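One structure is given here, and the rest of the page talks about it.
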Amino acid sequence: MGLISFDHTRPLDVVFLGRIAIDFNPAYSELVQEEFKPLKDVHYFEKFVGGSPANMAVGVTRHGLRAGFIGKVSDDQFGDFVIEYFEREGIDTSEVTRSIGGENLGLTFTEMRSSTESSLLMYRNGIADLQLSVDDVHETYIAQAKLLVISGTALAESPSREAVLKAALLARKTNTPLLFDIDYRAYTWKHTDDIAIYYAALARQADIIMGSREEFDLAEALICSGMTDEESACYWHKHHARIVLIKHGMKGSSAFLSSGDSYSIQAFPVKARKGFGGGDGYGAGFIYGLFQDWSIARCLEFGSAEASMMVRANNCSDALPNLEAVEEFITEAKVHGNRSAERVS
Amino acid sequence: MGLISFDHTRPLDVVFLGRIAIDFNPAYSELVQEEFKPLKDVHYFEKFVGGSPANMAVGVTRHGLRAGFIGKVSDDQFGDFVIEYFEREGIDTSEVTRSIGGENLGLTFTEMRSSTESSLLMYRNGIADLQLSVDDVHETYIAQAKLLVISGTALAESPSREAVLKAALLARKTNTPLLFDIDYRAYTWKHTDDIAIYYAALARQADIIMGSREEFDLAEALICSGMTDEESACYWHKHHARIVLIKHGMKGSSAFLSSGDSYSIQAFPVKARKGFGGGDGYGAGFIYGLFQDWSIARCLEFGSAEASMMVRANNCSDALPNLEAVEEFITEAKVHGNRSAERVS
Amino acid sequence: MGLISFDHTRPLDVVFLGRIAIDFNPAYSELVQEEFKPLKDVHYFEKFVGGSPANMAVGVTRHGLRAGFIGKVSDDQFGDFVIEYFEREGIDTSEVTRSIGGENLGLTFTEMRSSTESSLLMYRNGIADLQLSVDDVHETYIAQAKLLVISGTALAESPSREAVLKAALLARKTNTPLLFDIDYRAYTWKHTDDIAIYYAALARQADIIMGSREEFDLAEALICSGMTDEESACYWHKHHARIVLIKHGMKGSSAFLSSGDSYSIQAFPVKARKGFGGGDGYGAGFIYGLFQDWSIARCLEFGSAEASMMVRANNCSDALPNLEAVEEFITEAKVHGNRSAERVS
Amino acid sequence: MGLISFDHTRPLDVVFLGRIAIDFNPAYSELVQEEFKPLKDVHYFEKFVGGSPANMAVGVTRHGLRAGFIGKVSDDQFGDFVIEYFEREGIDTSEVTRSIGGENLGLTFTEMRSSTESSLLMYRNGIADLQLSVDDVHETYIAQAKLLVISGTALAESPSREAVLKAALLARKTNTPLLFDIDYRAYTWKHTDDIAIYYAALARQADIIMGSREEFDLAEALICSGMTDEESACYWHKHHARIVLIKHGMKGSSAFLSSGDSYSIQAFPVKARKGFGGGDGYGAGFIYGLFQDWSIARCLEFGSAEASMMVRANNCSDALPNLEAVEEFITEAKVHGNRSAERVS
């Protein structure tokens, strides 16, 4: 569609920068089922690759895109696990390095209390992914990517923070479009103002900004509080953004284009197993659509469908669907009356 | 026996100081069995309370002693889990506090590759137990204990290191016998010399020192390298120690008394599920024996039996046996020909 | 001239953000003269208020502007010294706070080896000014200033780094023009890329950027290496800058305007006592000129004259001249043939 | 006297371990006099080598002993200054290393408000001497010393703290007598309990302990509060100490021997220029006496005289007297009626 133009001579479709972690989810399989309950009372856990950018990398790969990753993992068997998983999925791991200071891989223990209550207990102190440094970010690698996707959690601490800001400068230098997935996690930020400062710094340089309404509020706290979606979009379009994607959970989401057009879609209703994971599916689906040169409306629909498929699943990586599964889900949902995206203005 | 005299007017038998953590072990239950394999390939895990002093506290409590604990746990559901577990077991948790800087509970993922190969992947960066500080160590509480047991892992970092050294000073001030369980873990120590320095500092003040030959070597590295068990015992007896317990894994263990007597026992042979957990059973059993005023030989036998029971189990806390189970194990083992402890000199 | 429009309803002319420190200079007074020699061999020192933004605040105040300061100083007698000095000079210190973690005031020991060789030995570890935090930066105060001047050394470390970035966001929010004085000091930066990242982040938001050619090279290292002055100016004009001031030491300096005009001036030749301090005089003079609505050529001349006056002095704060002294210096210099600034394009 | 027996085959008389720093004192020379005034108002400073163990090393060297030093200084001209000073004095600097992390040399600015009021403003954050590490402490060097003197300020922080504790272990291993000069400075200690813990740990291993009553109170805070001098001496004699030296400022000082004898001496009255520096002279004089095999009474007298000479001087290193000057001072004082040390018990 021309909003974002990809350089098709580059070997990698999408390079992700951010965390790779492990999710420990209450076991829920044929062998053993931990029903909804407080996390402290769960005895059996299943281990999955996790971390939003890692999941998105898996997601787009399952749709057929060629993904790479800039990240840092632990120098132990958990690091082996995630790298081997990526390699089995077909993700390029040539820029995934190992931490050298004994930092562990980040962990997320997920609590599933009911279909509407879930929470995360995260291990994020002294963690490998936040040790990513400017020395790990190479212009040559970014120049091989048609699109660079950065997760905002990587801004939470130095030296990872500077690695992100360097990557953004190199994206501009190499004419690589930048998608900023705000991906807020409360954990390692030291001060609310820091969030506002660094989200704004990165958002000003992004071609595509993706986040929930709450995440945009965080990014805009030192600019102008209480902006509407339209005002947010207008503000970021004045900087560098061409697509501003604002999500409202089960109420749907909207895409605002620098052309002035905007599109909204309602969420596909499903029975949720957990309150997270949807964003990963959304991102994977939307990005895939962009690469197919689909209309923004169709991109939204595809991402939105994949999001709903993920919240009903017990995990965030293994459960990511392939192309056919998403299309089947959409077809079925439409039969049952779900409306597709529509142009708002 | 008079070697260590307990003040029977005190309400608590044993107060432990050190880490409480969580063990995630490859699931091995009726529902799901992860057979011997590399940790990275394990999918199902079971969650157990862990940490050597925590396990010992559970162990002695199951034998009928009244235990308390000086420790720090995370201010989250994992912290809730371990405190609730302690309380269900009957351990006094009035001096178990919560970390206030977002520190997580320490984690240990156990690898069981074969009956002779196992390893640990530990989460020890930014961990609650190492945040125990001098402000958490109270003279009044130590004065309520007949015996103070300190795990050497608590010496690995400040502020926990100073909490330990303060507790040792207060033990002396309140005439509370001190058992130092060296309990070496490679993880958080910065320098080999630091290990030697702090182990020696604590060992000089202990009434009972317990550790493997390798652990004694670490403690003696800046004093005199390559001491035999007899030389080690002689050295520490000149300071404050009355019992020096040196373990040689499956080859058995020896107790050296300041009276000059010494006793050795061979291990009770079992088929191991894992290479750790034995020390916790050993300590719990030996301490229980001391409180029964048993002969050192019988203490050794009881501890040694409990050690063997633990290495064949899939976990280190739930599997700790009660009194009857240990006695039954010993009886059965003797039928099959295991020798009991014997006086060496 | 309209390039930078000041809001004349605001009570403060210039608010500076950055370090206040102490300079210890080899004594050179009527009482005692330390002639040119290595720093290690100097016995007598004189104590002066120092730090580039502190000196500039003194400088503009001596010309009659109303200055304020956002900074943090030590909670000891050295902190008292600098605050009392500011107050005697007439600088508003209502937003100068005290460090609460025992951080000392930064120190600079100056070496004067010859008229062409000088160096600095800085105390910058655990220093008060770098403890300035986002909590110390208030929108209401910035909104009272006609101009905000930020020294780039405040970007070297957190939390001061975030205080700067917040101030820049608030400057934009309150329509306060921002002058970024790059003011590079090698000391506390961790990585060359960090310099490039944060200088670029701030420069993109500045209305006026001031620095040496080497400082612009640092700011542009991840954008495009080896730019000429004209290319640099062009790049930053595309962002937000309206005046780009590039200094070449004794070779003079140039101002590039977003209008396309540019001006250059040669330095006023003097016999130097030291190789630093010139920048402070330059900044104070140039800013003063802007407030007088002088032509850029005259601003350059005034700043350039004040710069030369400073390098021949033994210190950087006490020696800052008043208006008449600068004008007298210029008049005298012109008699002796120094050329004034000229329009280049 | 046999209390402390020195191995006369060793090449170095005394090795000191601790800080080398710089004192900046208000200038008070023929050229320029800063009279008593608040530090903030002092303009001229004189630079001197400082730090208690450094001064003692200078002091004993001026009496003719052969001294060495284990320490770490900055890798800059201030580091050069102190090393060159030591070398000119004849102190062995082969184990004085340079900091590698940009740490500066510690600084002490001295305030002299009146003959009875003085204070110190110290730069102790990120300082070279506290970077001394276990890797800098070598058994071979300690084995060359007849006496090891450790300043307690080196216990204030890691890694210097561990360097001290290692040195104490190696002193024992090599049969080198250890003098512990408590030398308390409020600055870098994190918690009062830490002071008690580490002072006690080192005092337990020392042959000679030297400190003020307040310093002994700090060391004994977790052992037994409020001990008298006699009780303190008795306590430490039970550990390893043979000489316990307790100072009471201008009221004099006492030496308690493990033999049961004790000696007291009143201070030599002088008009003070400053409230510090006396301890350095005291230590240098007392140590010198020990090496002459003088009676303890005479050692006390010599140390006490040198202490008084130092408090009336404007600095703590340059002013250290030679042998003849101390003897002359004593002779003169006796003429004027000062009593010499007397045996108390």
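Letters A, B, C and D mark the chains in the order given here, with residues in each chain numbered from 1 onward.
Basically, a residue touches a chain if its C-beta (ideal position, glycine included) is under 8 Å from a C-beta of that chain, and two chains touch if they have at least 3 such contacts.
All figures in this text were calculated on a predicted structure; none of them were measured in a lab.
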Check your understanding: Using mean CA coordinates as chain centres, what's the subunit B-subunit D distance in Å?
Key -> 42
Practice item. Between subunit B and subunit C, tell me the centre distance in angstrom, where each centre is the average of that chain's C-alpha atoms. Key: 61
Exercise for review: List, in ascending order, every residue of subunit C touching at least 2 other chains.
Suggested key: none
Exercise for review: Based on the touch definition given at the start, go ahead and assign the chain network to line, ring, star, complete or other.
Suggested key: ring
Revision key, fill the gap. Each pair of chains that touches is included here, namely A-B, A-C, B-D, C-D
Point to revise | Residue numbers on subunit A that touch subunit C, as the complex places them | key: 133-135, 158-159, 162, 165-166, 169-170, 172-173, 190-191, 193-194, 196-198, 200-201, 204, 222-224
Check your understanding: Inside the complex, what are the residues of subunit D that reach subunit C?
Key -> 24, 27, 31-32, 38-47, 76-78, 80-81, 84, 102-104, 107, 109, 111, 121, 123, 125-127, 187
